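Two complexes, one shared chain (subunit A), two partners (subunit B, subunit C).
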Partner chain A sequence: MDKMKKKKRREHPFFYLLPTLVILCLLVAYPLLNNLVNSLSFQGIFPTMANYQKLFSDRYFRQDLKNTFQWLLYTVPFEMLFGLLIAILLNGETGMKKFFRTIFIIPWVIPAVVVCIIWKWIYNADYGILNYILQALGLIQKNQLWVSDPKQVLQCIAVVYVWKISPFVMIMYLSGLQSISSDIYESARLDGANWLQQVGYITLPLLFPVMRSVILVSVIWSLNSFVYIYSISGGGPARVSEIVQIFIYKTGIEQYNFQYSAAAANIFLLIVMAIAFAYISMTEKQDREMMG
Partner chain B sequence: MNQMKKYVPSMVLSLLGIVMIFPFFWMISCAFRRPNELLSSPPRMLPSNPTIDSFIHVLFDTEIPRYFFNSLAIATIATLLCIFVAIPAAYSFARHQYRGKNLVMISILLCNMVPQASTLVPLYRALDQLGLIDSYVGIAFTHLLCMLPFSIIMLNGFIKTIPKTLEEAAMIDGCTRLQSIFKIIVPVCSSGIFATAMYAFMISWEEFMYAMTFSTSSRARTISIGLKLFSTEFKVDWSSILAASTLMTLPILILFFLIQDTFIKGATGGALKG
Partner chain C sequence: MRKKQIIRVLLCTSMLIMAGCGNSSKPVETSSGGEQAEEETSASSGEKRVVTIWYDGTEEESVKRLEPEFEALHPDIDLQFEIVPYSDLSTKEMVACQSSVGPDVMWQSYAWTNSFAKMGLLASYSSYLEQSDAIDLENDFDPVALELGTVDGEIYGLPWSMEAMCLVYNKDMFREAGLDPEDPPTNWEELIECAKALTVDKDGDKTVDQYGYGLVGNLTGNTWFRFVPELWSAGGEVASEDLTAGSLNSPEAIETMTHYAGLLTEHHVAPEGSVNNGAAEVRTLFNNKNVAMYVDGQAAVKNIQKDAPDIDVGVALWPGKNGPLDAGLGGYYIATPKNAANPDDAWIFIEYFLSKEVQEYFPIAFPANLKARETDRFDDEISQVFAEQITHTRNFQPLADTPGAQQIILDAVQSCLTGMSTPEEAMIEANEALNQILQ
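Moving on, here comes the complex of A and B:
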């Protein structure tokens, strides 16, 4: 009797999920709850909104929020376009498809820190190859500062990010493209559709489900990318390229002001989740409309 | 004209390919030079006389080998933990039917969206209290947040492709469900599990934010952080830094090419469901 009971309990699905749920609770639920309590405490008073009030009048925090959104705009659309372009070209390629795919995947496999180091060296104002090549091509007259120039530092780092991530986007689109039957293109060609019409009326609509999840993943990743800005410019020069993650790290870990940092962390979490939910509900609606 | 048109995509691809591969090529090319050659103008594409001095310097005069070993240990611990925890969870999602399953799956996916930065400070203080700062276990455990949700989805995709009849036959022969996981699912799905493990390893190998915050000395510092510190030293020796970067990239690149196809299949299947 006892044995039977034991066996039955083991079969319960919960048993299989328990380790995962425990780990994720420790790594997600605990920190978020802890942040919530901390962000509402200020100089021994609880609960208070003082941290949030201070945060919104903080010039640097507002600047960092703006930079975070700018970073999103500089990265996601470009990695989408670039990844899609390569995927479409690769899908049409016959002979050397695997060779090209391997070449295009390499940047994604290189560890992020190494990516940053390589590009820092390429961007180097005195000895970097980029200045040399652009001058040889006559595109610029004198050496540019690139990542040391406050006006273009964020764009320059976005190029690095797009270079590293667009291979992932490319693989996703490629697998989506491969599931589109070639018969559809065949009949479109017979009806006289040109390349652009085929892309616009067949490829893109049929790629929509793939695109939906790729965009979501890309947005989340882009908002979460810390290492690129931190290790290329450190948020500088003079904090102009600082993003919210760096703000949280600096206030929480370097200055050990964890209550203030918790408030910033919560605002950031709220923004990421709001974007994700808005996006999911928006595309779901569109999806349903398209289906019928 | 038609003949020409056929070659246009290939030409564009080649051109883009050169742009994409160039930074990687440039890293290797510069790693095999003497420091003073890097500062000469005009730069040459290939080293004028290739040397492995920088590699020898990195391997014998710096702490990079130690960081390399730390990373290896942390990524291995994290990957093993991740796979052991992810297999039963993925199995359950693929085979069990119960109410609220979707909700559990969605909550696990949501964990993937929580910004690392939002968990950073509480985790740091918790690890500090447990005495786990500067330890392999502390860093490896936090890495699970970055790899566990995706690993479960990826494995779930692989397990779903295995016909149920295989396990049913085993269970008629007296296997319990748990036994059938280890005797049937794991062997049949070994390439998928290996691809997932390799993805998890890659994430831990390149993870930066946690590894930097949760290590304060060289005891558990990973190579990501070591390289970053190395590259911001007062006197920057670019050829050594690029040599160290090459050393950090090599194992991952080799691993990746060994299982490229399974990996791409699993990663695309997984992400598209997420």
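Moving on, here comes the complex of A and C:
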């Protein structure tokens, strides 16, 4: 017993943790604090909140916040739906499972910028292939404007995003599905459960832990996605598709207004953190019930 | 036992993170060029003094010639060229100037030098110029090109290339439409007429396949360079002379917007999706024979000739409201950060770089050194037109927040092109936004 204690003391767990802590401090804590200091404007030695005040009266910032949440609604639910649907279909007794799995994973593998450039031309109002195909099929009479139309630009880009991210969601669900024992389905079938009942009473509840983390990751990714909107519409026309990430980039990186941009980033960080915490605490109880 | 395992896992992760950091931070160190790199090289190459130069990779072939040539003349100096992509260049330079590690010489766009200088980030060349025998600014350099490098009488940046945009058009399409390819439009009215004749539905499916004019309606810089000269030609300007108030709500500005957006909304001679077309997209459409005319620079024409050799490219002076207009002057400046490690040797390089001998073979665009323009490199027909346009240029107003103003112009253009607002509404709103950033 005494020997054990001595040995334990010599391990110094915090000493081992030190490298990680130092790196985390450098990579996370320092930028956060630095950003906080940056966002304050100084009058003499007294910090003021002028940047934050300006931010809330900035109509573009308010509009961009609204756009960001619209974007969230256009992306995450559909990502979840398509990801889950494909995963369930692929998990069944389909032939050529590997073939379809490979096909569906392709969008996830292509670099985002490449995807955006391709889709930008697909959506082109005058020479895009989408208009051409829809006209050939007789679905539309006249060329549609797609991403040149302020009324539908955000939805059009959301389609690209969902197309790109769904495969990731699918893979996550698929791995969750494969951990569900087939015995459970078998006994359910013996009891006369149909396909829908199997999905509703077995698949979804048992998938809950996976779903919980996939949704969290998807929400954070969606709120932080920058490339898709920036490279397809640049936030335009006339800033109608601009989300907060693009606002931060434009004010800071393009217009050198680093303090103002830092203030916007901090506000947005608070919002994302609030959402994440609310979500985690809301689902924690359910998770425990499921597991218990 | 379990605790031990946890600690082991943590340790492994931390080592992985460290390994990852180690790898990724290496190229950053060398590319940021700082003191460390300097020390290393001076130790390895026997007390050579290092001059670090940042540029965006254009004319890389010519730059490769400079290094051995210069180092043969100055064996005690080691030139180190580092490429920073153009899209990151201004930001990286801004960061470098505010920290203590940066290049000794950097390439800049005209507008940047002026705002960098006003922010006090650049070293003055004035004292070097007074003693220099090699550079005679008054006699050898284009005075319009020098304007933006001078702030409060001190010279902070020197121009080395000059570029102005012209009307680029497809001569074959002019012939097909029954227009004379040697008689391109010279003012707005003729431009619209020409563009109407060039906008055609070739296969009779009731959708236009070829547009007369390639309107640029996306990307801040691209749109700024094409809208503001049109504004000048109508007698307008972005802001008042003392740069304290916007003048975008003037009748001239509204008239300019009516013309610019009208090419799409009224005359339908520009692609419907113009709000998504930056200069690069319009060039692609021109190369694919979807667009008959548009406005672009000398380097772009070189690229068209390379990418679409079957197009018979014509170039004409850019038509303004009542005739050829003054294009906005573009090109490259060189400047030295205030905190540069080695400004004296940087100056030796600048004297060499701006000399007639180097500039004669260097830029695709015109050299700012007038003596270097006398070579036969610019004898062809297209270069002659660009040379004439260079004599009809103006500098953009040196606003403190040019990128902000560029965004405002883009927003106005896009909201007119999409019909979200009328030219009048858009310009009044733009002027309010401009007044806010001018204060």
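Keep in mind that, in the parts below, the second predicted complex is superposed on the first by the 260 of 292 C-alpha atoms of A that agree within 3 Å, B and C clash if a C-alpha of one lies under 4 Å from a C-alpha of the other, contacts with A are read in each partner's own complex, and residues count from 1 in each chain.
The working rule: a contact is a pair of C-beta atoms (placed from the backbone, for glycine too) under 8 Å apart; a residue touches a chain by one contact, two chains touch by 3 or more.
Fair warning: this is a prediction, and the values are worked out from it, not measured in the lab.
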Three-chain arrangement built on subunit A, subunit B and subunit C clash or fit: clash
First (subunit B), second (subunit C), both or neither touched by A:S231: first
Subunit B versus subunit C as contact partner of A:P107, first or second or both or neither: first
In the superposition, subunit B vs subunit C on subunit A residues touched: B
Contacts of A:I280 with subunit B and subunit C, given as first, second, both or neither: neither
Partner chain in contact with A:P13 - subunit B first, subunit C second, else both or neither: both
Contacts of A:A262 with subunit B and subunit C, given as first, second, both or neither: first
A:V210 touches, of subunit B and subunit C: first, second, both or neither? first
First (subunit B), second (subunit C), both or neither touched by A:K120: both
Which superposed partner A:I248 touches (first subunit B, second subunit C, both, neither): first
Partner chain in contact with A:I220 - subunit B first, subunit C second, else both or neither: first
Overlapping segment of subunit B (options 163-171, 235-243 or 253-261) - the one that collides with subunit C in the superposed model: 235-243
Doubly contacted subunit A residues - partners subunit C and subunit B: 11, 13, 16-17, 19-20, 23, 120, 124, 127, 253
Touching residues on subunit B, where the partner in the complex is subunit A: 9-10, 12-13, 16-17, 20-21, 23-24, 26-27, 30, 38-39, 41-43, 84-86, 88-89, 91-92, 96, 98, 101, 104, 108, 111-126, 141-142, 144-145, 148-149, 152, 176-178, 202, 205-206, 208-209, 213, 223-225, 227-228, 231, 238, 241-242, 245, 248-249, 252-253, 256-257, 260, 264-265, 267-269, 271-274
Parts of subunit A lying in touch with subunit C, wherever the complex brings them together: 11, 13, 16-17, 19-20, 23, 120, 123-128, 142-143, 145-150, 232-234, 236-240, 250, 253-257
List of subunit C residues in touch with subunit A within their complex: 3-4, 7, 10-11, 13-15, 17-18, 21, 91, 94, 207-208, 211, 217-220, 271-276, 285, 288, 290, 401, 403-404, 407, 410-412, 414-415, 417-418, 420
Contact set on subunit A toward subunit B in their complex: 7, 10-11, 13, 15-17, 19-21, 23-24, 27-28, 30-32, 34-35, 38, 85-86, 89-90, 92-93, 96, 100, 102-107, 109-122, 124, 127, 129, 132, 163, 167, 171-172, 175-176, 209-210, 213-214, 217, 220, 223-224, 226-227, 230-231, 244-245, 248-249, 252-253, 258, 261-262, 265-266, 268-269, 272-273, 276
